[in-house]
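Labels run A, B and C following the written order; every chain starts at residue 1.
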Amino acid sequence: MNKTVNQKAWFFVLPVLLLVAFNAIIPLMTVVNYSVQETFGANTFFWAGVRWFGEVLQSERFHASLGRQLFFTFTILIIEIPLGVAVALAMPRKGPWVSVCLVSMALPLLIPWNVVGAIWNIFALPDIGLLGRMLNGIGIDYNFTRQPEDAWFTVILMDVWHWTSLVVLLAYAGLVSIPDAYYQAAKIDGAKAWAIFRYIQLPKMKRVLTIAILLRFMDSFNIYTEPFVLTGGGPGNATTLLSIDLVKIALGQFDLGPAAAMSLIYFLIILLFSWIFYTVMTRNEEQ
Amino acid sequence: MAKITLDNIRHSYLARPEVEEDWALKQLDVVWADGGAYALLGPSGCGKTTLLNIISGLLKPSEGRVLFDDRDVTELPPDQRQIAQVFQFPVIYDTMTVYDNLAFPLRNRGIGETEVDARVRQIAAMLELSERLNTRASGLTADGKQKISLGRGLVRSDVNVIMFDEPLTVIDPHLKWVLRSKLKELHQELRRTMIYVTHDQTEALTFADQVVVMNLGEVVQIGTPVDLFERPQHTFVGHFIGSPGMNLLPCEMDGGKPVFAGRTIPAANADAVKANGGSLEIGVRPEFVSFAEDGIPVQIVKVSDAGRFRIVDTSADGQSIKLLIGEGQGVPSGGACLRFDPDRTRVYRDGWMVT
Amino acid sequence: MQRIKWMVPTVYIAFLMLPIYWLLNMSFKTTNEILGTFSLWPLEFTVQNYVTIFTDPTWYMGYVNSLIYVTINTVISVAAALPAAYAFSRYKFVGDKHLFFWLLTNRMAPAAVFALPFFQLYSAIGLFDTYIAVALAHTLFNIPLAVWILEGFMSGVPKELDETAYVDGYPFWRFFIKIFLPTIAAGIGVAAFFCFMFSWVELLLAKTLTAVEAKPIAATMTRTASTSGYELGLLAAAGSLTIVPGAFVIYFVRNYIAKGFALGRV
């Protein structure tokens, strides 16, 4: 669409700008402020330069939680994106079942995040949970509060349960927007199911899948409440993801300087990944 | 390559059609000769696209059979009918190059790469796409994309019929003509059966050897463009084709002659009309009406200039009669008399020409 | 192939429903039964957990509090996003692209990073433990989302609509409210739905910014788990009730959800 140049449009944007700036810039300045100071006791601050940044970047603790975070994010992306696409492909396109599918699939998205954690806690506990009982019943020694692998399995399964539907909804939206003529042309051209997926459905879903991957990437990097309620980051530090570690440092130990520096590094990592991904996806489109 | 026969086709989108209006296609028996250039012409919603989808196999008719030569293909899916179709909006595979788009139907049928390459290059040359073979298909303009969709039908040597579903809808006006003449040229070169669906009479009449005119789910006339113009079988044809359409005047039979406004009008098929009954109308195209010394008295209502000719609106006995006159010709002011060419004037009963 | 296709969504939905079924199952059990026996349905069926929630103000006020700040947030977010989205969809202005991207980056901000500064900020301006504090804080990620969704819908409305209205002599605001907003009603519905959803499910900020007066239901639940022992039945009942508002909202907007995403642009 041709847009007209109109500088007065800034007035339209002003309320949004003020609200978001109030919420984003002032707290961000606070964080920046902390990140360059050292505190001794109550309200005494000293200039600390970039010392905290250096410390955080070199600390093994940060490397470990960043490593766990990356492992978590990439695992759930590898599971949720293909699974979401597969479910969307198999969903009916019209009829009464569409509503049934959409409503029941969207349900996990609307449950408060700590309730999600609580649901999975009581679902997976080896003594009272259905999942824990079933797994132990078929001879698997499963206890997510003691065994790190089990904790990981549960955290990832929970995220798949919680968020795959978002990918399904997006992919489904992309699929239903493909005009029938494309399928008819493909039929006439003798294309098999795989070719239809590869050359029609996948290209048409590219835009919504970009959104899906971006949203899932950002949100999984920010994840805090669900795994915190489920495992508390444990056993030990096994499932301590970035946000959990950050809150532990900031509120648990009250090490504001390092916590603030870590926050900023963390934020920059998300920005960087998102920007790279966004640029790569959109550049492909222009070619 | 095959002759296509539609045998007693009826179709309804409803599970249990009850009244006549429930049928999208009422009753069709059409034979499309091998190698012909056909146009399927009719207003929106007349059942053209339904008919097209029945031939291509995207739709199974409620009743009747589809025959390719003498083989019954009614139950066959589109990919087994060896047909090609160009849709209203260009359908291309965005992520592929022009070359891969054209090669796609051949590769899907397991044809060897050397033959694929030869066919693709030959067809690309015909469509003037050779230069762009290696560019992404999504970068082309609408007419380029439509050429690709057409090309995907042309590359296959086994195609029985190529169908076009209003293919010029999204093409710029000045390119429509170019693409249409290209199509005509390709037809003369390849002699493939082509069926061209449109609601635009100019497109239909310039493209086709035979035009099938449809209205309200039935075929009203099949004929050459000249037939449709000079011998409309149905008032709908007279009205829909030609600009302005045919004049239609209510009449009565008196002594074997049609009478309008108290005057006897000679008509080509007057002898066939035995008696009154049904609703009788006289039909004559504005091209075949002229001013005369003696004839039907009319009042001139309006004269509008249409370039190389002028359209004169007249009124007689409350009925509007239009006629065309040449540029230089003068228009009498106020009242005048009109003469209808007797060979081109016909009587219609309930819409159909009386025979 | 076609015959087993329906299995995929069916199995997937079954997987989604299993934990929810377990939650409901527990909510109708007594704590003793939960801890003492393992059964697939309640042996001593009880609604006592739900009765407790509906009679104890510290419980049910949690729902009221949550619904109040979620509603305020939805109204603020959509109201502020409407003119902004209109500007982005219709006009070019200095810094428009950067502003749009900057707004989206706030969607990426980890709530954990902002928790402490938010606490200080809202304490400093005296809004701590009020509905408005949570509602305002949630605009941080809801406004960008609302702008993004609405911009997508508005770009789908031809500009000729605006121009026709001006030619007909409509002043801008009357055109915007009387003609434009009804045209994109579906988009507003979708945007409101997502604002509602993200405000309803977020807890970290909501919990940080409240103590007693505006405490959300989800936070009340954490208290039960930690302080008053292990009242699992009560916890399960409270959890089950948090699903209800979401289920309601989603039922009403089911036809628009998918569309809302498809029209938003990257």
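Convention: a residue touches a chain if its C-beta (ideal position, glycine included) is under 8 Å from a C-beta of that chain, and two chains touch if they have at least 3 such contacts.
Computed from a prediction, not measured in an experiment: that's the story for all the values here.
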Seminar exercise, completed: Check: interface with higher C-beta contact count, A-C vs A-B, is A-C
Exercise. If you take the mean of the Cα atoms for each chain, which one ends up farthest from subunit C?
Worked result: B
Exercise. Using mean CA coordinates as chain centres, what's the subunit A-subunit B distance in Å?
Worked result: 56
Exercise. Just how far, in Å, is the C-alpha centre of subunit C from the one of subunit A?
Worked result: 16
Exercise. Contact residues on subunit A for subunit C in the complex?
Worked result: 1-10, 12-13, 15-17, 19-20, 22-24, 26-28, 30-31, 83, 86-87, 89-92, 99, 101-115, 118-120, 122-123, 127-131, 133, 161, 164-165, 168-170, 172-174, 176-177, 193, 207-208, 210-211, 214, 218, 221-222, 224-225, 229, 242-244, 246-247, 250-251, 256, 259, 263-264, 266-267, 270-271, 274, 278, 281-282
For this session: Sort out for me which residues of subunit C touch subunit A in the complex.
Result: 1, 5-9, 12-13, 15-20, 22-23, 26, 34-35, 38, 40, 76, 79-81, 83-84, 86-94, 96, 99, 103, 105-118, 120-121, 136-137, 139-140, 143-144, 147, 155, 159, 197, 200-204, 216-219, 221-222, 225, 232, 235-236, 239, 242-243, 245-247, 249-251, 254-255, 257-262, 264-266
For this session: Within their complex, state which residues of subunit B touch subunit A.
Result: 56, 58, 77-79, 83-85, 87-89, 91, 93-96, 104-105, 108-109, 136, 149, 152
For this session: Would you pull the subunit A residues touching subunit B in the complex into a rising list?
Result: 179, 181-182, 184-185, 187-192, 195, 199-200, 203-204, 287
